[in-house]
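Each of the two complexes below includes subunit A, the first together with subunit B, the second together with subunit C.
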Partner chain A sequence: MNSTFFIQYDVPALAAATCAAVSCALLGNFLLLRRLSLMGDAISHAVLPGIVVAFLLVGSRATLPVVAGAAIAGVVVTVAVEFLCRLGRVDPGASMGVAFSVLFALGVVLLEQTAASHIDLDADCVLYGQLEDIAWLGPEGWGDAFSWGHLQNLPREVLTLVSVGIVVVLFITIFFKELRITSFDPDLASTLGFRPGWMHYAMMILVSIAVVASFEAVGSIQVIAMLICPPATARLLTDRLHVQLWLSVACAVLSSVGGYMVAAHVPALVVGPGTPSLDAAGTMTVTSGVLLGLTIVFSPWHGLVARHVRRFMTAVRIEREDLLAMLYRLEEVHSAGDGETPRDMSKVQIIEALRGDRGGPGLAIRVALRGALRRGEIMGASGRFGLTEAGRRRAQGIIRMHRLWEHYLVHELGLRPDHVHRTAMALEHVTSRAMQDELETAGGEVATDPHDRPIPDPVPGDERPS
Partner chain B sequence: MVMPHHGERPRSLETFPEHSPESPLSIHDMTVAYDRRPVLWDIEYEAPTGGRLIAIVGPNGAGKSTLIKACLGLLPTASGLIEIYGEPYRKQRSIVGYVPQRETVDWDFPVSALDVVCMGRYGLIGWCRPVSRRHREAARECLAKVGLSGLESRQIRRLSGGQQQRVFLARALAQEAHLYFMDEPFAGVDAATERAIVDVLRDLRDLGRTVICVHHDLQNVPEYFDEVILLNMRVVASGPVRETFTEENLLKTYGGRLTLLDEAANALARRGEPG
Partner chain C sequence: MSAVVAAIASPGAEEIFRILTFRAGYNTSAVIIGAIMLGVAAGAIGVFALLRGRALMGDALSHATLPGVAGGFLLGTWMGFDPRSMPVLLTGATVTGVLGVLTVLFISRHTRLREDAAIGIVLSVFFGAGVVLMQVIARLDIGNRGGLQQFIYGQTAAMQGRDAMVLALLAVLVLLVSLAFLKEFRVVCFNAEYARAQGWPVGVIDIIMMTFVVLVTVVGLQMVGLILVVAMIVIPAAAARFWTDRLFVMLLTAAVLGGFSGYAGGAASAMAGGLPAGAVIVLASGGVFLLSMFFAPARGVVAGVVRTKRVHDRTNRQHLLRMLLEADEVGDAEGLTRTGVRSRRAWPGRSLGRAIRQLRSGGAIDVDPSGGLELTTTGREQAARVTRNHRLWEEYLVRHADIAPSHVDWSADLVEHVLSSEMVRQLEESVAARGGALPPSVHPLTGDPETAQG
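Take a look at the complex of A and B:
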């Protein structure tokens, strides 16, 4: 790649896009947590009339008037949404939808009907941005890129976006505590003297500024995506607010840099050399969406895959406990003098018995069987499996829990004795420490369960995690 | 929001001979309305000085939470005066603690139990300053007082309902207030949490703090509380539990679904509306 071209076109475009993405993503975290993500969408559309009016008053697209116009429009839409919600009794989502579509349409009409339509501000540019038009004419290579003269010539979009990025970072750093409490518990915040209303408007003004600064470069579609996707991705990856903020920044950077790479290189790789590059703002938006999609599937805690793995592990544990309890009951029958019943079972018998009428491949049962063998809770001899001493102790605890539950369900809750076995089967696997204590108080001294089978003694050391 | 007002409004409670400036909470002639519909009428109340546990008791829709929120400045009052230790609330913010109902916050919020308790210190810390180690230690101690040591870094969704309620209580303790308002601290908690909360409340009383709780369970009012406010849109009776918490007063508070007062409130809300 030609380094002059890289510095003159790629660097400023990337810098602008990244700053825009990071500013939007940081603010988007708080919109997401306040369940106001749609508000970002609303503001990003509603600033249009603000920009046009500012342009009409000043006659140019100078940064400050445009930003001021956007900030005012942001406040107007925030107030309008609240007004509709409270006085018009319109649902919050619907109020946002109404407020932003009306204001955006107003902006479009103003744009069409005024001199603004003669300049390069039009609805298309608002939607898609002009990332490819940002150029830093001057530096020929890295050597002279950081000289004062060239830095002064940085494109206006880059300077604006870098300043906005700094303001956003400062705002969140300085008011982190206030943002946290007013987002989490506005009533408490208010009694402590923090003004949830002020924080709300400050946020909305800042969102408006970040949005208007960003969409000249990247367009409102990407702005909306950056307000929502990186925070939503980060939220799935952590349960701590400051970590979430950092992750959302990482995700925003990844989306913009990754998206830019895709736009620049993928057409040439896929179609062939010489193919024009894709619209970078578009690929960045898609990248952020793909990141969110991947996270929904693969996130280590909240992800679909993790959830299925956890569910499977739980199923395996339950099968293992059922297996031990089953062998324990078998031993009971065996030692009751019925000489025909063996105290061990073959693998096929175990799988059939545990599977019951559920059917299915019994994968969890096979894994559970192997787990019990590995833990030394059962042992196998000539294809038949029986309890070891350790397994018997473990099973005794499970059976005790099962029969205590049966006792409780029959004697405390008044269920019929022949109805409680299944319920107890389910409950014995999910009994927490506190529940166990309560069961012990209710039936700890009782010798037999409702079916006259002995409740085994408690096993020392067999305490469940709280 | 305009309420019909009668007579002149006193500028300060000092004009009332029976008023004691040391009272943790005095309310005079307070009316609160939602959307023009009055929900609290002409509330008069003066909490006794010294540590007390006070229950606000009344049927659904009696305005119990509204009373608390009005005292905390979270709802506008249509008329009346509220003083806390002889001063208006806005001057006494720092010595008033608040435990909202558990359902009012989003428990999916990415904060840990300790983060939430630290929020109780925010008032002491002030604007724009980070939570220092000293405040975090204080918050940790408050978590220990409600029996939640070891759960500091747990995300709040992963706590049980009772533990969540205790986190809220710990947060209030962290405020180091003199007067506490609690909105149904016993709602939907397990037995262990109920005991823990009662212990904490008694400790507060022994320290001379006043705790005012919206309370639902009539059965344990005499056991848990010293004073009671029987509320149904107006104060039906208030005072020490032994004298006030009588069958007669309870009948007056809970009896009669649609009282004349209720109907009048509806009529006021309907003013100027069709039909």
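Take a look at the complex of A and C:
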């Protein structure tokens, strides 16, 4: 690919798509936080009549009237949804459905009239955009690209989208505080004297403008995707709003550039050279979806993998604590004089006992067994495992917690003694430092639990995870 | 707009009558009947989607069918079928449609993203994938390919008798299933948690419900287009909600409203030759929705305004009655004029004038020539009843809610008008009604509002 072609076709298309994506993604963050994501969908359908009416009135595809028409239509649909929600007490989703489908239908009917009046307004161009048709005829090489004369000849779509992008960035920078407070807590915002209503409408007008400015280049479906997917991806990666904004911008850029690359190069790679490229707006949309999918699975904190790993680690810790407590109880029975009960168990016995009636492969139990061995809390001799001194100390703390809980549940909460074991089994693993102190004050002086088994002495320096 | 008017106005009255009575040719009748049947089916199933809080699920679903349609087309071509055969396309549409619904449920259940965001994600990403596939189809040199635009706007006007038949069967099926599973659908729609606790198979019921949403969407899509299907699922159901609080009635209302929208829209588009039938049907249902929203007697806006007004009027009349009676009790009734009444209580707007007029025409008060207001015998009875409610409630608040006597007057003001007779009886018992017809006030009554209100 030579650089002239790259500058004349790829650069303006990429610039337009990226600006559109970034503007939409930035605004989408606030829609997502206000649970208005579908307003983007509703607005992008509902601007159709606004565009068509502007078109019928002006008779050309001039940018300004079309954008104005779209902004008005955006306000109309916002007001209509609010009206249906408040006055008609219609469910918010249904209000959007009613408002946007009726306005869209109106647009389609009006569109037929433009066809009758022989004005060229193609529904396809609104739906899919014409990214491939944006060309910057002029510059012959990188040297030309930055000359004023050529910059003035940038395609109209690129200029429009860059200006919309600047307006969006300015709006968010200036009103960041207001946007943040009205998005997270509109009630607090009103009591503090902010005007959530005004911010809401300003937001919706901007969304309408960004949507309609992007239509021509990338089409409505990519607009909807960019309003939702990058912010959703960012939301899964962070809890801080400004980080989320930056991440969503990064994700939008990545989707547009990556999508463009996929559209241009994948067919040639897969099918063979000379294959026509794919629809760029479509591949950008799919790329943003793939990014979101990857984030849902692999996000470090909120991702599915991370959540399952965390859950498994907790399961392993609980199994290890149960294992130590079980061996401790075994030693108690053993030293109570019943010579027949051994102080140790085989691996099979341990897995059977810990698994109880749950079934399953017992993976967490095996990992827990290995962990306890590695920590030197248990030791094995000829296939049987018993507590070490360190393990006994650790187990003493767990058993103490268990029996203190049983005491507390019976004497403070008034539960029946034969009902508390399972509850204590669960609580002993999740007792925080503060709760432990509370239990000590409630039952620290007591020698035995409700089943007359001794409560072991506290272990010095036994820190429990909170 | 003038073209629209001209197009509608062009057919003669006789032609309009023929269209409305299904005698305007085979094709026109097929379109109208098909639109009615689709309206009935989508309206009925939409009720459950709406009540389950999934009104826009149809939106995600219908967009998600596009990659299935395109994929089915490509796969069919590759395997040597006729790629336009309906079973192939419908299977593809159903597969990706269901996949889309499952993705929405997965995202909203297993991530921190909400269902509305999930719907937006699915509809845009799936549709984007469909657009890519469609463009591949367009570049492949296959003749006779299905147009993408028809998929989105539909080809209602090209509906055949056979299509209308399919839609009629669908409508009957949806109605039968809705009636057969009415109890199951009801409990899941209104309180899924309760249903689960009671042992209902909520998941299975949900799936049956969603299956029919999918079926209506997929069958409706290729006949009337994407947006119309979404609209027909949402709008008639939302309109029916204004007419009733009963599920069975709502189901029938939605089916009737949907059918009527289809009839009106189909007929209107037949009259105005050039208009796209799908869009006109949506506009018709939008009109039906607006009429329902404003004028439905059960939950409509006008009915609501009238009800609120009546309550306000009654409240104001009761306030005036009690004020006159209490002024009487402390021997202050002489010459209580409008000015006097206004000095004791704020009367916004023309509420005092309305209250006086209504009480006079009800024979409860008289106005003497000097403008003084006086209770008649009937008025005195009514006033005693009102005052009794007020004082019982005051006593209750002082005794059981520990509110200072000087503060109860205002709290009691707010509730006394909505006390049911059952509640009054309980108050009487709990306050151990004393001898007279009227319990004494718990705070001093004087003509001076400053001390009276504490």
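Going forward, the second predicted complex is superposed on the first by the 455 of 466 C-alpha atoms of A that agree within 3 Å, B and C clash if a C-alpha of one lies under 4 Å from a C-alpha of the other, contacts with A are read in each partner's own complex, and residues count from 1 in each chain.
One rule holds for everything that comes next: contacts are C-beta pairs under 8 Å (C-beta built on N, C-alpha and C of every residue); 3 or more make two chains touch, one makes a residue touch a chain.
Predicted model only: the values in this text are computed from it and were never measured.
Steric overlap between subunit B and subunit C is present once the structures are superposed on subunit A. Of the two partner chains placed around the shared chain by superposition, neither subunit B nor subunit C is touched by A:215. By the touch criterion stated above, A:260 is placed in contact with neither subunit B nor subunit C. In the superposed model, A:181 makes contact with subunit B only, not with subunit C.
After overlaying the two complexes on the shared chain, residue contacts for A:9 are found with neither subunit B nor subunit C.
When the shared chain is aligned, subunit B comes close enough to touch A:244, but subunit C does not. In the superposition on chain A, A:408 contacts neither subunit B nor subunit C. In the superposition on chain A, A:190 makes contact with subunit B only, while subunit C stays out of contact range. Residue by residue along subunit A, subunit B and subunit C are tallied for touches, and C comes out ahead. Using the contact criterion defined above for the overlaid structures, shared-chain residue A:30 touches neither subunit B nor subunit C, since it reaches no partner.
Applying the stated contact rule after C-alpha superposition, one finds that A:235 touches each of subunit B and subunit C.
In the superposition on chain A, the residues of subunit A contacted by subunit B and by subunit C overlap at 35, 235. Residues 33, 35, 174-178, 180-181, 183-185, 187-194, 235, 238-241, 243-244, 434 of subunit A are the ones that touch subunit B when the two sit in their complex.
Put simply, subunit C touches subunit A in their complex at residues 1, 3-4, 50, 53-56, 58-59, 107, 110-114, 116-117, 119-121, 123-125, 127-132, 134-136, 139, 149, 152-153, 227-228, 230-231, 233-235, 237-238, 241-242, 274-276, 278-283, 285-286, 289, 293, 299, 301. Partner subunit C is touched in their complex by these residues of subunit A: 32, 35-38, 40-41, 45, 84, 87-91, 93-98, 101-102, 104-106, 108-109, 112-113, 116-117, 123-124, 127-128, 219, 221-222, 224-225, 227-229, 232, 235-236, 276, 278-279, 281-286, 288-289, 292, 296, 302, 304. Those residues of subunit B that touch subunit A in the shared complex are 69, 72-74, 93-94, 96, 98, 100, 104-106, 109-112, 115-116, 119, 122-123, 125, 127-131, 155, 157, 171, 175, 190, 192.
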